[in-house]
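Here come two complexes built around chain A, the first alongside chain B, the second alongside chain C.
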Partner chain A sequence: MTSVNLGSTPLIAKMQKVGFALIVLGALGLAAVFITGGQERFFADYLLGFWFFTGISVTMLFFSALQYLTRAGWSVSVRRTAENFTGMVPYVALFAAPIIYNLFSHHSIYEWSHESAATDHLLVAKSGYLNTTFFIVRIGIYCLLWFGMLRFLVGNSVKQDSNASDITPTRKNWKRAAPWVIVYALSITFCSFDLLMSLEPHWFSTMWGVYTFAGHFVASISVLALMTIWLYKAGLLRQYITSEQFHDLGKLMFAFSSFWAYIAFSQYFIIWYANLPEETIYFEFRMHNQWEIWGYILIVSHFVAPFIVLLRQDVKRKMNFLIAGAVIVLFSHFVDLAWIIIPAVSKVAAANSGEQFTMGWQELTGWLFFAGVFLLLAVQNYKKRSAVPIGDPLLQESVHYNS
Partner chain B sequence: MTEVQEQQKLHADPHDEPVREALVLGSPTLRDVTARIASIVESKITAKYLLTLMVTASMAGWGLVALGYTIFVGIGVWGLNNPVGWGWDITNFVFWIGIGHAGTLISAILYLFRQKWRTAINRSAEAMTIFAVLCAMTMVLSHTGRPWLFYWLLPYPNQMQMWVNFRSPLMWDVFAVNTYFTVSLMFWFIGLIPDLATLRNYVKSKIAKTVYGILSLGWTGSNRSWHHYEIAYMILAGISTPLVLSVHSVVSMDFTVGIMPGWHTTIFPPYFVAGAIFSGFAMVMTLLLIVREVLDLKQFITLKHLDNMNRIMLATGMMVGYAYSMEMFIAWYSGNPWEKWVFINRAFGDYAWAYWTMVTCNVVSPQVFWFKKIRRSIPVMFVISIFINIGMWFERFTIIATSLHHDFLPASWGYYSPTWVEISIFVGTFGIFLTLFLLFAKFVPVIAISEVKGILPGSQPKHGSHTEGHA
Partner chain C sequence: MASSNLAGAIAEFTDVNALVHAAEKLRDAGFRKWDVHTPYPVHGLDKAMGIKRSIISYFSFVGMVGGLTTALGLQWWTGADSYKLNIGGKGFFDWQFSMPIDFELTVLGTAIFTALGLFHLCKLPTWYNKYQEDESFKKATDDTFVVTIDANDDRFSAEGTQSLLVSLGGSNVHVVESALK
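After this line comes the complex of A and B, so read on.
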């Protein structure tokens, strides 16, 4: 079989154009926020976009690792799509630089990096973990780990393309996928502690890592489903993708939006029921000041809507329903992260400069910018390599299986 | 190169494992499968079997004596005290409920994930689920103190105008466990119907024929029956899947909605679920290794199956380890002195021995499964599976006893150790569990005959020219 390079197809060219447009639009928007909304809001929106797409990119790596770990056959023909959307991984450090710069300014969105933290008893107690040096070191470690994961897993996956008769690269991935899954689990947990949970440094939840993972995973599956559908609708990869892959992606979207709901509910419920001040503060703040509407939206859009849309067996094989499901999930993932980040930063901004804000168009700017980056870097990958892992020993199983 | 050639090339190299290992060895025919498994039911009851049954039944009997003593005299015969108001009773309850998780995971979730290797082990795992939940119910009922008033736990209109307290997690347990038991039983039974019909046709004794005939509900094996059966099975799998998560999540809420340091932490629901699957697999492994040996089922329960189960144990063991570390990390990160103190006390206090037993058995011991050789070594996996059973029991004990024994005031500190009554009841639950399992292994097909037939090479349709089945 020959390599399937889609680099010169109209779809990829269009993606590139859209990517550029989004970057320009997002950058202009971010600039407008910087000027009109203040630095705190700018960095909050930046972080929102940055973590939305970094989380998905890294989780795409995890998806690939998981397929190798479980020797999955069904997913081989869509696995490369996931691997192509990891384009942001080598540049995470670069994109994290503004957040680190922000730590040292007077407008830092992280309360623990303020001078006033020295007089806060609890923040002093936590300063062993929450201090700027260690924060930067940790971010650096995550970047290195993720880069290593990318080089190893995607590297071997691509190497397999050139020679189908020698499956050594696939074997390497089969063998080493498990340790990379552990690396992913720990790095995504601690990174979400650092970037998100420490926005409210007095608050804590042991569930946090699982909670953010659930969101990233279902969002990644949605991106994967959307791209697979676009490819299919553009008449590409039709000999590799069957309705079985759509069905399976739909099942995963359904399962993991419910999983997210399970985790989110458990976390909320346990904190609500116990009603301890140091924990309820997180939800208490988000249940007032007009933040609550986003909480209600989350219940509907992150759980009820995908559940209803994707429940039936036949709709998981219908592309338009899958698109609807995926768009709902991605919207919800955005609201989820915004509901975490924006209220926290608005509190900090109020303390810094007395300016409080609620959700507005501004919150979309960082997302648009990084959506562009995310698409462009995926386009680069589509130009570089085959869009299907043609040398994979399980590819035929993926093409021919019937559930 | 075509796919078939490629497969052949892979198989040709003796040092290469084939991409997909066969799940049934010795390529039996459909008839062979039926004959092999039905012969277990048809064979004569041996003296060895009876002896084993007598031992387990005596254990159960002794447990029932201790239970009767508890009911007659009261819970004062246990070692519970103030502040340790929950001891072996709840530990054993959570332990048995946990054991009951592998069955439904294997039968429901692995079914939805199309894991064909589940077919050899799902039947016995589901049976264990049901028996384990029965043991759990025994434990939790005896702990109520007046088990003859168990119906007070159910919300029904009554002349006393008494209503259950829906705000109590113990109440949620009643619903969660009963739902789980009912659905698991239905799922197990529905899965059994085609096999019971096979037995009905196979056995010679008239009584057995009648009993299997009644139980198989007039199954004819027609296309229409199979169609309905598959739909029912799928729906039950769909219903059971959230139940696997919900039951142990509700059990975890017995602890976590309270505000005890060491109990109240948000990760408990998924952590308990992972632990339950972990312990359930360990118990399935322990018993299956014996069954496989005694009934000579190596053809169906292959090393590949055991390898996969060991992988799942490694994975869930790591999840449990993740939860332990998150608890520890957040106890430190939270800056809450009570939280911090409880965890230091767990690791270095009066119950340090229990804590380190738990860590060694649950987190350290499964690490040997990183090596393929060990994942396929029967003696090692047998020992490790027992370690895990022990470790998971100690996990629940650690959570319950260490969090309770040092109350907020040093004046209300205590230490808990069980009396002979509690130990006897625990031994008794093992007796009940093993007795039921022995009866099951003799009178019910231990392997899902019809499902195993479905994964034999050539039984599934393939597309186009790829007729040479690859398992």
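After this line comes the complex of A and C, so read on.
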């Protein structure tokens, strides 16, 4: 079989245009927030967009690792789509630079990096972990690990394209997928501790890692489903993608939006039951001060709506329903992260300069900017390599797969 | 004409593609009372046989509603109505602590009804099958695909059905006498 390069198709050209437009729009928006909304809000919106798409990019790597780990046949024809959306991974350090810069500014969104942290008993006790040097070192380690994971897994996957008769690269991935999954689990957990949980350094939750993972995973599956559908609707990859792949992506989307709800409730439930002040402060703050509306939206859009939309078996094979489910899930993932980040930073901003804020259009700016970056870097990958792993030994199984 | 204790016709297949093809042909020929026995699940056979989607999910739904109702009812009755207990200052019937029980009993009810529904739809337990003494039929648990067409199917005729099975690529085609009178 010959390689399927989609780099010159109208769909990819369109993606590129949309990507550029989003970057310009997002950058203008971020600049406007910087000027009018204060620095704390600017960095909060930047972090929101940054972590939304970094989380998805890294989780796409995890998706690929998972397929190799289980030697899954169904997913081979869509696996490269996931691998193409990891384009942000090599640049995570670059995009994290403003957040690191922020640690040293007077307007730091991380309370533990303030001078006043030295007089806070709890923050002094936690300073062995929560200090700027170690924070930067950790971000560096995550970037290296993710880059290594990208080079190894996607590298071998692409290497397999050129020679279908020698499956050594695929064998390497089969063998090494398990350690990479562990690397992913630990790095995404600690990175979510560092970037998100430490926004409220007095508070902690032991379910934080799996909670944020659940959101990233279901959002990644949604991006994957959307892109697969767009490719299919544009008449591309039709000999590789069948309704079986849509059905399975639909199942994963359904399962993991329920999983998110299960984990989100478990986290809330444990805190509610124990009723300890240092734990309840997180929900206490978010259940008042006009943040509560977003919590209710989250329950409906991250769980109830996808559950109802994707419950029926035949619906998971219908592209328009899958699009609806995926859009709902991506919106919910955005609200989820916003509900974590914005109230916390609003609190810090109030302490810094007395300016409090609620959710507004401003929160979309960082997301738009990174959506553009995310799309453009995926376009680069589509131009570079085949859009289907044509050399993969399980590709035929994927094409003829029947669930 | 078929004698009164004729069970039906049986055919062996060794090639999975020929089996699926034969199943499609039998489906299109309008047979109703027939079955395919395989040593392992064959993908796409349901479709080839024209089997409609199982109604098992309706059993599951009944179990789900039953489980959830039991959970809510029991917690409300024991905790908030019959014998009120103050536990850690929580409400007598708060949705938060009710949730794990609701979830677990919903899952349990769904699982039990699904399993029982499965047994019912698969006609389990079946103590006797009229083909069970046939040597060809026994191979279905080992290395052969077996097609059986029951004698009480409207389209069944001992000669015609056997020659149809032969024409579809079946080997060792023969009729089976039921041991039961």
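As a convention for this text, the second predicted complex is superposed on the first by the 403 of 403 C-alpha atoms of A that agree within 3 Å, B and C clash if a C-alpha of one lies under 4 Å from a C-alpha of the other, contacts with A are read in each partner's own complex, and residues count from 1 in each chain.
The working rule: contacts are C-beta pairs under 8 Å (C-beta built on N, C-alpha and C of every residue); 3 or more make two chains touch, one makes a residue touch a chain.
From a predicted model like this one, the values you see are computed outputs, not experimental measurements.
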Three-chain arrangement built on chain A, chain B and chain C clash or fit: clash
Can you tell me whether chain B or chain C touches more residues on chain A? B
Could you say whether A:V388 touches chain B, chain C, both of them, or neither, answering first, second, both or neither? neither
A:Y273 contacts which: chain B (first), chain C (second), both, neither? both
Is A:I263 touching anything from chain B or chain C once the two structures are fitted on A? First, second, both or neither. first
With the two structures laid over each other on chain A, which partner does A:I182 touch: chain B (first), chain C (second), both, or neither? first
So, does A:N402 touch the first partner chain B, the second partner chain C, both, or neither? both
Which region of chain B runs into chain C, 1-9, 37-45, 163-171 or 325-333, after the two models are superposed? 163-171
Show which residues of chain A both chain B and chain C reach, each in its own complex. 269, 273, 402
Residue ranges of chain B in contact with chain A within the complex: 1, 3, 6, 9-10, 19-20, 112, 114, 242, 245, 249, 253, 256-259, 264-270, 318, 322-323, 326-327, 330, 332-336, 370, 460-464, 466, 470
Complex contact set, residues of chain A against chain C: 265, 268-269, 272-273, 275, 313, 402
Sort out for me which residues of chain C touch chain A in the complex. 43-44, 53, 57, 88-90, 96-97, 99-100
Over in the complex, which chain A residues touch chain B? Could you list them? 71, 74, 122, 125-126, 129, 164-165, 167, 178, 182, 185-186, 189, 193, 204-210, 251, 258, 262-263, 266-267, 269-271, 273-274, 276, 278, 393-394, 396-397, 400, 402-403
